[in-house]
Amino acid sequence: MKTPVIIVNSKAYKESTLSGDLKLANICKEVAEETGVNIIYAPQQVNLAYIAKSVNIPCFAQHVDAINPGSYTGHVSLLSIKEAGALGTLVNHSEKPMLIKDIDFIVSKAKEMDLETVVCTNNVSVTSSVAALEPTAIAVEPPELIGSGIPVSKAKPEIVEKSVEAVKKISDKVIVLCGAGISKGEDVKKAIELGTEGVLLASGVVKAKNPKEVLLDLASGIL
Amino acid sequence: MKTPVIIVNSKAYKESTLSGDLKLANICKEVAEETGVNIIYAPQQVNLAYIAKSVNIPCFAQHVDAINPGSYTGHVSLLSIKEAGALGTLVNHSEKPMLIKDIDFIVSKAKEMDLETVVCTNNVSVTSSVAALEPTAIAVEPPELIGSGIPVSKAKPEIVEKSVEAVKKISDKVIVLCGAGISKGEDVKKAIELGTEGVLLASGVVKAKNPKEVLLDLASGIL
Amino acid sequence: MKTPVIIVNSKAYKESTLSGDLKLANICKEVAEETGVNIIYAPQQVNLAYIAKSVNIPCFAQHVDAINPGSYTGHVSLLSIKEAGALGTLVNHSEKPMLIKDIDFIVSKAKEMDLETVVCTNNVSVTSSVAALEPTAIAVEPPELIGSGIPVSKAKPEIVEKSVEAVKKISDKVIVLCGAGISKGEDVKKAIELGTEGVLLASGVVKAKNPKEVLLDLASGIL
Amino acid sequence: MKTPVIIVNSKAYKESTLSGDLKLANICKEVAEETGVNIIYAPQQVNLAYIAKSVNIPCFAQHVDAINPGSYTGHVSLLSIKEAGALGTLVNHSEKPMLIKDIDFIVSKAKEMDLETVVCTNNVSVTSSVAALEPTAIAVEPPELIGSGIPVSKAKPEIVEKSVEAVKKISDKVIVLCGAGISKGEDVKKAIELGTEGVLLASGVVKAKNPKEVLLDLASGIL
């Protein structure tokens, strides 16, 4: 994963059903091209293949299930997202929390399949625990700040700093990101200063009146 | 829903990741056109928008979550599948069983949104229970026969018959289908004779050497 | 189940860990003896055998899992609650919602084992759906009123009335109770007038300064 | 936790409903007294208070939910098991797998409340991950060997050894146990030789014709 990185998660918002996801993915692509910042887009689950095949932007799934391909109606396998064109997946988002054994399964299988994993964590101790599994990246997101507009990098800098420290103690291969409440370039700048290599965000972009303006501002925090 | 109907569920098989789903959806389209039988295709979740926009065939989601659009990473809303081009969704498949309150939520919201629901049930009493919610259709599938190659319509005709009876007692608007082990035209014919208006199947088509041949045979059971 | 009935659910409140459960179960027993009203007590799960063996009061489990006895660490089987001395169990409480197939399993197994089931429902359509499974009783509890102190029988009488109607249409063997916000004799009186045969409540008794006074008042609504 | 230790999990077996749990807990007590080996008994959930108050043996819950005491019907809080007389709890058994954030919650709260936690893990990487949370103990149990009669300490000694190593690398405060397939003194002896400080077992004792004989043999592997 090229860092610094901005990951935009379109969640299940009404603003990001098919036409919204298409518009937002294209905006991410434009801003990535204009600024040189790596931007990853995680569209709604049912739009993944469509967006990944229509827009030249790195795509992630928002979630995968801990299964091998098979007789699993309604489940999403790592193989299905890879064939759909995704480069990786979010794992254990606080809105889709996972069993420890399933996080381990997915992180481990994804490595074998050359897929990237960004595992979300809610605090420093869970960050340490996930670091031992060595995913591609960990995104620290205190759940109480998600969607709040209060940036974790300013409201709880100590959680971000201690998470960076905790991860580096266990594995220096794991990238640390942060999320929750991020919506401005200065939030991103602060996140980078605290030792992270990027941010994960959703409503700040998806629900913005002018998502391109917001993304350009966010990217400016990196440059 | 135009009946008799054949619903093909591509599950999470390795044979039905993106290129497989595309090939199978096209075969369904051809057979529907050649025979006049209504065939619905339920692709893998991440392929839904792609298949629905690429192939002129009625598409279903394999599962939706009981949510309104919003801050739900990794979840699938009814709105997202509608915008992706689906006409409806499978609900409560035995491989993705659901809370009774969530089945109620989805069946009720889907009606408001002009989406169809096919709720799967595992026995006669659950069939009765679901009938009271008045989904578009109920698909009776004894779980022990799923993927077995032993057709429910032949192995357990009494479950199919009693389910038809149970549903009609509660609501004559609800369509009854059956599934599990169906792979041949004669299985479909028997299912129709028992009072159903179609079948739900997966491996019989998806894992077939010649899916078109199988679908033509299945359709012959209706004609 | 002898009706009218008052079911007291001690949930997982700090007031009802072992010594609290013991005190409350004894108060229920006293009030039942003094008033002749049938009172059932559902202690915390880990206290079930202890309370059922120590206090001469009909006891219920708050929840059981849809399993046969076996290799299921941390699960609760119908057999284990029967041997512990319970007469039955709550099922599908809004705080422990269940799969439709599991509700069916438990209601059906409980009948074979002479155990009673009180299945909670959140609205009229789910009430109809559960009625088709013919549990001993259904307790209608709009989740938004649970613990609110606003009695369902006064705030949403139409839900109670329509639930009674819906159940009677499907099976006249199923008892209808209501819950949520019940804390006074007049709430119980109103519930009975709306066609129910009793109430299910928790915080109104468990968190009361004087639980005996509250229970005597509740019983007076029946007498 | 005094080590070496033998933890007997009574699961949800028909052999360990109330009278069985009582008999087995008493046998554990006798063997502990006769041999001096620390034996912990984890009765069925609904029997916990009853057994802990009737038999002078250290008791564990088989599972607790990640909640604070409150309005949680059918849930088990750490406070409820403490008041019931338990010294601790099993966590994340493969038959009751848990979210990583819930394991973290329970391990952390239990420490504050002076309760012990034995977290089960299915492989070496999950063992490392859990070690970072610093529970009282970790019990490595490859799920495929549970109930098999094939002892992990003999069939997969490398998993046990590597788990001991992985834990010690992260924290030397965490006790390592192993489980799955253990039924004889020689299995325990081998487990201790591999660096563990005890075993977790269930069917080997609960389903034995002569549980006392089995426990005496198990204890002999330690002495």
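Note that the chains take the letters A, B, C and D in the order they are written out, and that residue 1 is the start of every chain.
In this section, a contact is a pair of C-beta atoms (placed from the backbone, for glycine too) under 8 Å apart; a residue touches a chain by one contact, two chains touch by 3 or more.
Source: prediction; values computed, not measured.
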item	value
Graph distance between subunit A and subunit C, where chains that touch are linked	2
Shared interface partners, meaning chains that touch subunit A and subunit D	none
Intercentroid distance (Cα basis), subunit D paired with subunit C, Å	33
Distance from subunit C to subunit B - Cα centre to Cα centre, in angstrom	37
Distance between the centres, which are taken as Cα means, of subunit D and subunit B, whole angstrom	44
Set of subunit C residues in contact with two or more other chains	94
In the complex with subunit A, residue positions of subunit D that touch it	92, 94, 97-101, 103-104, 108, 122-123, 125-126, 128-133, 170
In the complex, subunit C residues that touch subunit D	9, 11-14, 17-19, 44-51, 53, 61-63, 65, 67, 69-77, 79-86, 90, 93-96, 146-147, 202-203
